[in-house]
Amino acid sequence: MKVGFIGLGNMGSGMAGNLLEAGHEVAVYNRTPDKAKPLVEKGARKAASVADACKGDVVITMLTDDAAVENVVFGDAGIGNNLAKGVIHVSSSTISVALADKLTAEHAKRGQRFVSAPVFGRPEAAASAKLFIVAAGEEAAVKACMPLFEALGQKTFRFGDKPSSANLVKISGNFMIASTIEILSEAMALVAKGGLDQHQYLDFLTSTLFAAPIYKTYGTLIADKKFKPAGFAAPLGLKDTRLALAAGEALRVPLPLANLVRDRFLRLLARGDETIDWSAISILAAEDAGLGE
Amino acid sequence: MKVGFIGLGNMGSGMAGNLLEAGHEVAVYNRTPDKAKPLVEKGARKAASVADACKGDVVITMLTDDAAVENVVFGDAGIGNNLAKGVIHVSSSTISVALADKLTAEHAKRGQRFVSAPVFGRPEAAASAKLFIVAAGEEAAVKACMPLFEALGQKTFRFGDKPSSANLVKISGNFMIASTIEILSEAMALVAKGGLDQHQYLDFLTSTLFAAPIYKTYGTLIADKKFKPAGFAAPLGLKDTRLALAAGEALRVPLPLANLVRDRFLRLLARGDETIDWSAISILAAEDAGLGE
Amino acid sequence: MKVGFIGLGNMGSGMAGNLLEAGHEVAVYNRTPDKAKPLVEKGARKAASVADACKGDVVITMLTDDAAVENVVFGDAGIGNNLAKGVIHVSSSTISVALADKLTAEHAKRGQRFVSAPVFGRPEAAASAKLFIVAAGEEAAVKACMPLFEALGQKTFRFGDKPSSANLVKISGNFMIASTIEILSEAMALVAKGGLDQHQYLDFLTSTLFAAPIYKTYGTLIADKKFKPAGFAAPLGLKDTRLALAAGEALRVPLPLANLVRDRFLRLLARGDETIDWSAISILAAEDAGLGE
Amino acid sequence: MKVGFIGLGNMGSGMAGNLLEAGHEVAVYNRTPDKAKPLVEKGARKAASVADACKGDVVITMLTDDAAVENVVFGDAGIGNNLAKGVIHVSSSTISVALADKLTAEHAKRGQRFVSAPVFGRPEAAASAKLFIVAAGEEAAVKACMPLFEALGQKTFRFGDKPSSANLVKISGNFMIASTIEILSEAMALVAKGGLDQHQYLDFLTSTLFAAPIYKTYGTLIADKKFKPAGFAAPLGLKDTRLALAAGEALRVPLPLANLVRDRFLRLLARGDETIDWSAISILAAEDAGLGE
């Protein structure tokens, strides 16, 4: 397929690379253009502008947040004004439910098609095409994108016709991960204060009831206190928690755990380091317990 | 081995049955004696008293709470006064760290040996010898008990010489499970209010990042709203959360998640039904979201 | 003075009336124009438009929320485009710190002056000129407005030159009130479940340590379960709590109490009644305790 | 009246002194006997033992916690075994509802009378007879004690015949104070991070909506960061919060604010300083906001 790919950060670079590898024709665009270089070396075409990236069958956006997506879509030289009728915009960024609903309405108004397809997985998973993809939107549009999703991830899950449903799944999933980090933080602070070895405890957890990769991944980061370089930086964790709370507020769903996690991120970020991994909120439960360095 | 087994509830009956099956000689005792019948039919000896259950190489207690254990151990006709020197008391009940420390000291004073060996698993796991056993205590004593642990569970984890370490692991583990129920409750209320199907959402979770049995087990109970009969009743959930908070208080470790879960149990139990499964706290997050029946 | 007054809701009507009573020349404007009638009968001039209300020495806005203020100020026919250089815009609405900062910058750009002067007090206090006024902005501008503030309230407190400081004080004050409602709710649920009479308990509190009007006002509403008509409706309580959380997020200040109160409002509003007083969150603590009607 | 007074700490010494001043005949007892000296100089008789303090019309206990009271009452040489029939035990300590109920039953069994009369006020108030007294118990017994209460405090409030009702009022009152400290801590951290002066903010609060002494007292301690010497030490704050939570648990009343405050105390005390005032939990909200020293 002919694809435009906008947003070449940690995640987007790996994703665009996998599209190339699968044989798709990819035009790449990034605000800071030097990020395009390694992909061009692999055969991508460097798009000169957002509009230039809109010339294929599909344009994929993988950007930091709502503001970035609004900018790229609704700006004068944006996707909204440059995508031909019937062409599909696939949004893989983690954005708000509200913005997904707005994108749905605005693309429909212009005769363009819109699919929400946020992804689960850290940059390593993006690079190795091991992402999980959550897709929602008009059935034919999602089907048309399946060859792309197959190149990007290990499995795609469909969640109906309303694009923002995929965003709700993504947001709730990230909320679950952040909350799991908090659970591990508290449990590991408790046993450490009680004199146990955190690694041994984690081995026990992950070979019994908590045998999911998430516990191994985050539990090890916590026990090792290895928070740099960030796989997923704390400000992004704060952003995603805010998205969960905003979705909950719009739907009138209290989420006390999200509040707790949000406060952890605020407290962590009040220290001024924005480059730390989001699992570093674990140092707060440890500190509260009087566990020194 | 020659074993006494005290406490024939949901868990204890299955455990004692597996000891028999493995060829051990088992004397069983329960306060309400009719619970002994099925085990006697399988070859157990019915002990006439706690003292009578203390005549083997090991006596195992599997009781409801601290009060029950204190009663059985420190009562005039209790284990403390009836266990011969060098004989091992294995406590598999979920009891407080403080009581485990007291048992350690009191048995030592009497020349008896003490091993804490709480277990993870619901009654089905107890019946099918699929428990995970967490054991702590003097190395020789734990080793002596290994044939029993092998009959009871699928794997035994050792946590050092201090018996109460095993209880801390057990308590923190149950805290993690209760917190995970809360995470699922909130996430599933959010997506349900947003119009998604909870079973489909759960399928997604458990086939991606949250592929541990705990999510399937509890997520299904929540989505099905099937809280009876209880695999683990809410009052026990409250009790175990209280144990985590007590351990945290003694060690000066704040556990905000345990507070949240504790309040869920209190609110659930304020309604008067003590026979409901602990996963029923999930109805509270749903109610708060205005999700009616 | 010659004053324009925009926003004639529960609060604004009383305030505009007091300006008239004090002898000021007042042009009143409201989106739904019939609200102007009683004031016109007292001598106000009915402004035909926002622009028409901008012809005096000062224009005061007393509107529901950020969106309403942005609309009235930044719309094409808004205050921004219609206020002469040097004329003062006094914002008495409860708005975000971020919007107050934006108003400061935008008015400055146009050579207009801006004072933030949010008020404390329920509609009765607005009607009887008993408000407390919190004012911040350039000293000369605040001084110029003092005759108006004296007509509106019982006392004015200055908080420096930066207008948004007044909004931060207002927002934090409302957060304190909402939190105090929560404290009373929990304490009164506890003693009621213990068999005590809530009114007697409240008499005790308010004649000893908690002898501030806020406890008498809200405690009585709670004990009487009298939540209609609303003095301050629950959706406004939610809005103000959100403002506190937004201020906290921008400044990186966790506010766990604000989270708790926010969840109370969401849960209350999930039931669908938006006309109930914000003190009705007290029914939630009572419900959680199993205290029926 | 002829009174025994047991427990001569910060509070008890002042109270016993005021009984003397009012002309009552007072026998004083303290575990560490040198505390009795200043009172003996004022005319008190030094009791040689608990039993020796039980020889009057009334014996008052003012002790640290449940354990101390249980010890003094139920020990072999305790009040229970030494108080004549019909004589009144007045418990002014802050103890649990459960212990008050036990004291009621045990004294009744022995034909002794029991009145719960906990007090509100810091040591200065105890010394100057400005305490508020909350009394509950059989009407005739409370009436008989009125001359004593009048000597001890500025006002006495009766809460019915069940002694533990007074303890519930005391416990809930202390919970309200601790929660108010938390409110002030969060609000003052927010405005300080926003650049405002905490003293000016406090002046505003206490001259408007929050004009109760409690705000002035604790707000000033917080703004001045003056936490030593402790008027009421943090471990006592933790203890009283635990009593509120225990009362709530027994009655099945969730108290989310009490959880929050409990965690503050645990975190503060995890640092190892047990002599700091309970208002020092305010440094935690400030720290979380990144407000350094």
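In order of appearance the chains are A, B, C and D, and numbering begins at 1 in each one.
Heads up, the rule we're going with is that a residue touches a chain if its C-beta (ideal position, glycine included) is under 8 Å from a C-beta of that chain, and two chains touch if they have at least 3 such contacts.
Predicted model, so just to flag it, every value in this text is computed and none were measured.
Undergrad: Give the chains in contact with both chain B and chain C, ordered by label.
TA: For chain B paired with chain C, the chains in contact with each are A, D, in label order.
Undergrad: Using only Cα atoms to place each chain's centre, name the chain farthest from chain A.
TA: D
Undergrad: If you average the Cα atoms of chain B and of chain D to get two centres, how far apart are those centres in Å?
TA: Inter-chain centre distance comes to 39 Å.
Undergrad: When the C-alpha atoms of chain A and chain D are each averaged to a single point, how far apart are the two points in Å?
TA: Averaging C-alpha atoms per chain gives centres 53 Å apart.
Undergrad: In chain D, what residues contact two or more other chains?
TA: Correct list: 248, 252-256, 260, 263, 266-267, 270, 288-290.
Undergrad: Along chain C, where are the residues that touch chain D in the complex?
TA: Going through chain C, the ones touching chain D are 97, 120, 132, 134, 155, 157, 159-160, 162, 165, 168-169, 172-173, 175-177, 179-180, 182-184, 186-187, 189-191, 193-196, 200-201, 204-205, 207-215, 244, 247-248, 251-258, 260, 285, 288-290.
Undergrad: Would you tell me which residues of chain A are touching chain D in their complex?
TA: Spelled out, the residues of chain A in touch with chain D are 263, 266-267, 270-272, 288-290.
Undergrad: Using the touch definition from the top, list the residues of chain C that touch chain A in their complex.
TA: 242, 248-249, 252-256, 259-260, 262-264, 266-267, 269-270
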